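Consider the two complexes below, in which chain A is the common component and chain B and chain C are the respective partners.
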Partner chain A sequence: MDNMKLPKEKVGDFLAKLGKEKFRVPREIGGRSEFAPPNGESNVDFSLPNTTVPLKSLFYPQTETLYRFEVGDTVPKTSVVAEEMIIMGVRPCDARALTIVDKLFSWDPEDPYYLAKREKATLIGLACQEPRVNCFCTSLGGGPASTEGLDILMTDLGDSYLFQVLTEKGEKICQEAGDILVKSEDNDVQAAEKAHNDAASKIVRGIEADSIPEKLPQLWESDIWKKTADPCLGCGTCTFLCPTCHCFDIQDEIEGIEGRRYRVWDSCMFTEYTLHTSGHNPRPTGRERTRNRINHKYSYYVEKFEVIACVGCGRCINLCPVNIDILNILSQVKEAL
Partner chain B sequence: MKENPYQPYIATIEDTWYETVGDRPVKTFKVTLDDPEVRKNWSHRPGQCAMVGRLGIGESMFCISCSPTEGEFLRFSILRAGKNTQGLHEQEAGDKITVRGPYGNYFPLEDWKGKHILTIGGGIGQAPLRPIVEYVKANLDQYAGLTTIYGARTSGDLCFKDEFAEMARRDDINCCLTIDIEEEGWEYNVGFVPTMLMEVNPSPDNTIAITCGPPIMIRFVLENLKKLNFEDDQIYTTLENRMKCGFGKCGRCNAGNLYVCKDGPVFSYATLKAVPEAFA
Partner chain C sequence: MADLEKLITVAKETVSRDDVKHLIGWRQGTYGFRVSPHFITEPEEADKLIFSPLCNSNLVNYLTWVEKLPVPRGQEADTRKVALMVKGCDSRAVVQLLIEQGIKREDVIVIGCPCEGVIDLAKAEEMFPNVLEQVEARWDGEKIVFKLPDGEKAVPREDVLADKCLRCRYPNPVLSDVLLGDEVKTEGNDDYADVDGMEEKTTKERWAFWEEQFSSCIRCYSCRNVCPMCYCEDCILDRLNPTWINRSNNISENTAFHLARAFHLAGRCIECGECERVCPVNIPIMTLNRKLTKEVREKFDYDPGTDPDSKPLQASYLPNDQENFIL
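Coming up: the complex of A and B.
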């Protein structure tokens, strides 16, 4: 399908035409940003930098009911609900992160809750033009205009967005939008390419990541882990807001006679994460937990799914309260051997 | 739509009894899955696990402590330790519990046919070994022999006492039952399990050794098996770690690059030796 263009003044029409209730867009809510349904009449602000809360929260919410029951019931009532979603303004790193997490959730046996939502979602990406200081997507096979995992890639051309249609789902969106979209011209593509290249050149941080998976097993006893963990508060932000972290806890909850079993984000940086009922903890200190976090992303995941479970979005660096920096850890790994 | 792997089956407790009493009692539950269709399709092998719990309380992973050769039921021998096990211990015959599984790999008992099987267990660690013992007992003519070494702190801490007493009387099974400290009226051995292993002095020839018990016991059993010239690939154990899903999604049960729930719980020592977190 040919590239299309969405004039900026038509964004509202575009949402209305396709059904505003289906849309999830970046929004600033209470001091943080996340994907949420568009609010009332105002236009969508796509100029926000990548959301604080990664896209995974739409497919794998922080808490999610697995099934409900009433006290005394022996048979739970399960329903896997997924509604159609058009997610607009997705940053390429977050879309790429979903393709990585897909591998885990579709590993036998498949996770019906996550996959049902994935199937019903269309992802309209937005190429980054102003990468942030801690972005390092280009080190991990992504980039400010990476298309992996996206159905459409949008690029801001000033008064309009260029729509590069990538999949059938993307085509369907364009067909439904009808004449709200206009045909793009040759120089639009050139302008977009220039914007993509400019953005890539603005990424200042990075690391050559390919050799890390093979180095990590040799650094099991290295003092890197203790040194890194020493200032760590164990708050778990680095994992909660990581777009590829997927670990969860399962808990039961009863209120009145209504009960539910739900899953809730958990973090390998928490003490209780691996704590046995006996009181024994195979990862008793921050040293072991930090080592596991880095190994899981850069070694174990690679062995299982042939991809590093990090997209270089920089959230864990930006949001760590004590400035622990994954690129710093990774460069120590590289220098140690 | 494929089956939802988080959805548990409902099972009825047919019978239940205490294996041990005291501060941390072990209670065995014999349960039957309610749905006849589910029951028909259920198949587990010695070494596999299941999530057992109650709605509103929670669920935890337990080894299935019976062999499929025993009949169309499941057994779980559960040490009371936390919230969920407390809730389960309150259940009696006729009560309903939830079960999902079976999970994980299993002891390759088919491949071990023709070999001598040696189990070395301590305390509640005998629960995952019991299915091996029962399976081999039921097919004794297909194995070169069965030796079971089992011990606990006191006679009151031994599980499956009647079954071991029966095995101790048989001459086609080599059974060594032991407690750590001398007790009046105790007619079997006294001594730590690793020490008894040296006294039994099993030959490594054509033998597979499987051990499970407290970490300290496992450590010394492994040392002693090496002294007895067992090769790494002749030694097996089964690991446990905290688990939530049971099928490789929730992330927490890994020992190094291995998920205990999916890659395990059964591992050979040859595999585990290379995993730095395996005995953490």
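Coming up: the complex of A and C.
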């Protein structure tokens, strides 16, 4: 399909035509930003930096009911809730992260809750033009205009957005939008390419990551882990807000005779994550937990799914209260061998 | 201003002692305005220590955030002294821990740093975004001077310091074993204007505000973990049997968490502001804490963490305590 253009003044019409209730757009709510249904009147602000809460929360919410029951039931009442979603303004790193997490959730057994939502979602990406200091997507196979995981890639051309249609889902959106979208011209594509290249040149941090997965197993007893973990507070910021972290805990809540079993984000940086009923904890300190966090992303996941479970979005670096910096850890790993 | 040469000399001497486990201070972070807590055991590591307006974290939390590895049979745990650097506000946490008998005086060596205020990272990074090179900073009267890649920039202190510093009443450590440099002048006057502003709202407005804030919470517990006064070995938040606070993230459980956290700090919070600083979703946690601090000051004339020989507020009943607010 040809590239199309969405004039900025028609963003509202675009949302209305396709059904505003289906949209999820970047929004600032309280002190955080996240993808949420568009606000009643105000325009969508696509100029916000990447959201604090990554895209995963739409597919794999922090708290999700798996099934409900009444005490005495022998068959749980399962319901997989998935509504059609058009997610607009997705940063390429977050879309790539979903393709990485997909591998886990479609592994054996398949996760119906996650996959049903994925199936019904269309992702309209927005090429980054102002990467932040801790963005390092280009080190991990992504980039400010990476298309992996997206159905359409938008590029801000000043008074309009160029739509590069990438999949059938994307085509369907463009067909439904009808004449709200206009045909793009050759110089639009050139302008977009220039914007993409300019953005990539603004990325200042990075690491050559290819050799890390094979080095990590040799550094099991290295003092890197204790040194790195000394200041760690054991909070869940780096993992909860990581677009590829996907660990969950399963809990029950019962009120009267009604109950539900739900899953809730869990973090390998928490002390209780690996705490056994006996009181034994195989990862008793921050050293073991930090080692696990890095190994899971850069070694175990690679072994199992042949991809590094990190997209270089920089959230864990931006938000760590004590400046534990994954790029710094990785460069120590590289220097150690 | 703290004397850096003295700091490094003191640090080297301290970590060389056999009865000291380690020293905790600050060092330059990996980029920009960031600093990181620096744990040192060897004298040569002391050269990296800094004390500047960038040192905005409170290290006292590490006195109690101790993870005890299971000690193999026949060995003993390392219970040697811990030395740490404190600013005025941080020192109140040490004192409060002594009051509560959370630590023993002989187990800690306090290196006091008179402080003219530390930066609010968000303010600095908004003013000078995306700085990759390590920034140095120093106090210069009414200005904070940053050494940036394109030269020095002097910024008025009220534009870049943390709010807590602009109203600071305790810039000098209230307790220390070594003091780095001369005491600084105390100018801060805390009128609790932020709390008054919140009190003036109607109940409905206040609830609308907090409902949005608590709904934002991701329950990462960084506020609890960073708090020097949150050191229960068995925290109500971690309890599963009974489950006092469910793990599910919703307004009900999140509110229960925030209120439990705030009330457990009543009469104990020393207002270092760490909870609010570390919150990844910018919940104004200190506004809750300061409401309680204000109540405690007004009703009991009590300032936590100022007198190591005093009793905890809840253990210091006086016959003439006010009772007119008891329902």
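Here is the rule we go by: the second predicted complex is superposed on the first by the 336 of 337 C-alpha atoms of A that agree within 3 Å, B and C clash if a C-alpha of one lies under 4 Å from a C-alpha of the other, contacts with A are read in each partner's own complex, and residues count from 1 in each chain.
Here is the rule we go by: contacts are C-beta pairs under 8 Å (C-beta built on N, C-alpha and C of every residue); 3 or more make two chains touch, one makes a residue touch a chain.
Please read all numbers here as calculations on a predicted model, not as lab measurements.
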{"item": "Fit or clash between chain C and chain B when superposed on chain A", "value": "fit"}
{"item": "Touched partner set for A:Val71, first chain B, second chain C, both or neither", "value": "first"}
{"item": "First, second, both or neither for A:Trp107, with chain B first and chain C second", "value": "first"}
{"item": "First, second, both or neither for A:Asp188, with chain B first and chain C second", "value": "neither"}
{"item": "Touching partner for A:Glu148 - first (chain B), second (chain C), both, neither", "value": "neither"}
{"item": "Which of chain B and chain C A:Ser299 touches, first, second, both or neither", "value": "first"}
{"item": "Which of chain B and chain C A:Cys268 touches, first, second, both or neither", "value": "first"}
{"item": "Partner chain(s) touched by A:Thr277 [first = chain B, second = chain C, both, neither]", "value": "first"}
{"item": "Included angle at chain A between vectors to chain C and chain B, based on C-alpha centres and rounded to the nearest 10 degrees", "value": "90"}
{"item": "First (chain B), second (chain C), both or neither touched by A:Asp156", "value": "neither"}
{"item": "Which of chain B and chain C A:Asp94 touches, first, second, both or neither", "value": "neither"}
{"item": "Smallest distance from any CA atom of chain C to any CA atom of chain B, in Å, after fitting", "value": "7"}
{"item": "Chain A residues contacted in one complex by chain B, in the other by chain C", "value": "249, 251"}
{"item": "In the complex with chain A, residue positions of chain B that touch it", "value": "1-8, 10, 55-60, 81-82, 85, 96, 98, 215, 240-242, 244-245, 247-252, 254-257, 276-277, 280"}
{"item": "Interface residues, chain A side, partner chain B - complex", "value": "66-67, 69, 71, 73-76, 78, 80, 104-105, 107, 109-113, 220, 246-252, 254, 259, 261, 263, 266, 268, 273-278, 280, 282-283, 288, 292, 295-296, 299-300, 303-304"}
{"item": "Chain A residues within the chain C interface of the complex", "value": "29-32, 52-53, 62-63, 132-134, 204-205, 227, 230-231, 233-237, 240-241, 249, 251, 253, 262, 264-265, 267, 270-272, 284-286, 317, 319, 321-325, 327-328"}
{"item": "Parts of chain C lying in touch with chain A, wherever the complex brings them together", "value": "29-32, 34-39, 57, 61-62, 65, 67-70, 129-132, 212-213, 215-216, 218-222, 225-226, 238, 243, 246-250, 277-284"}
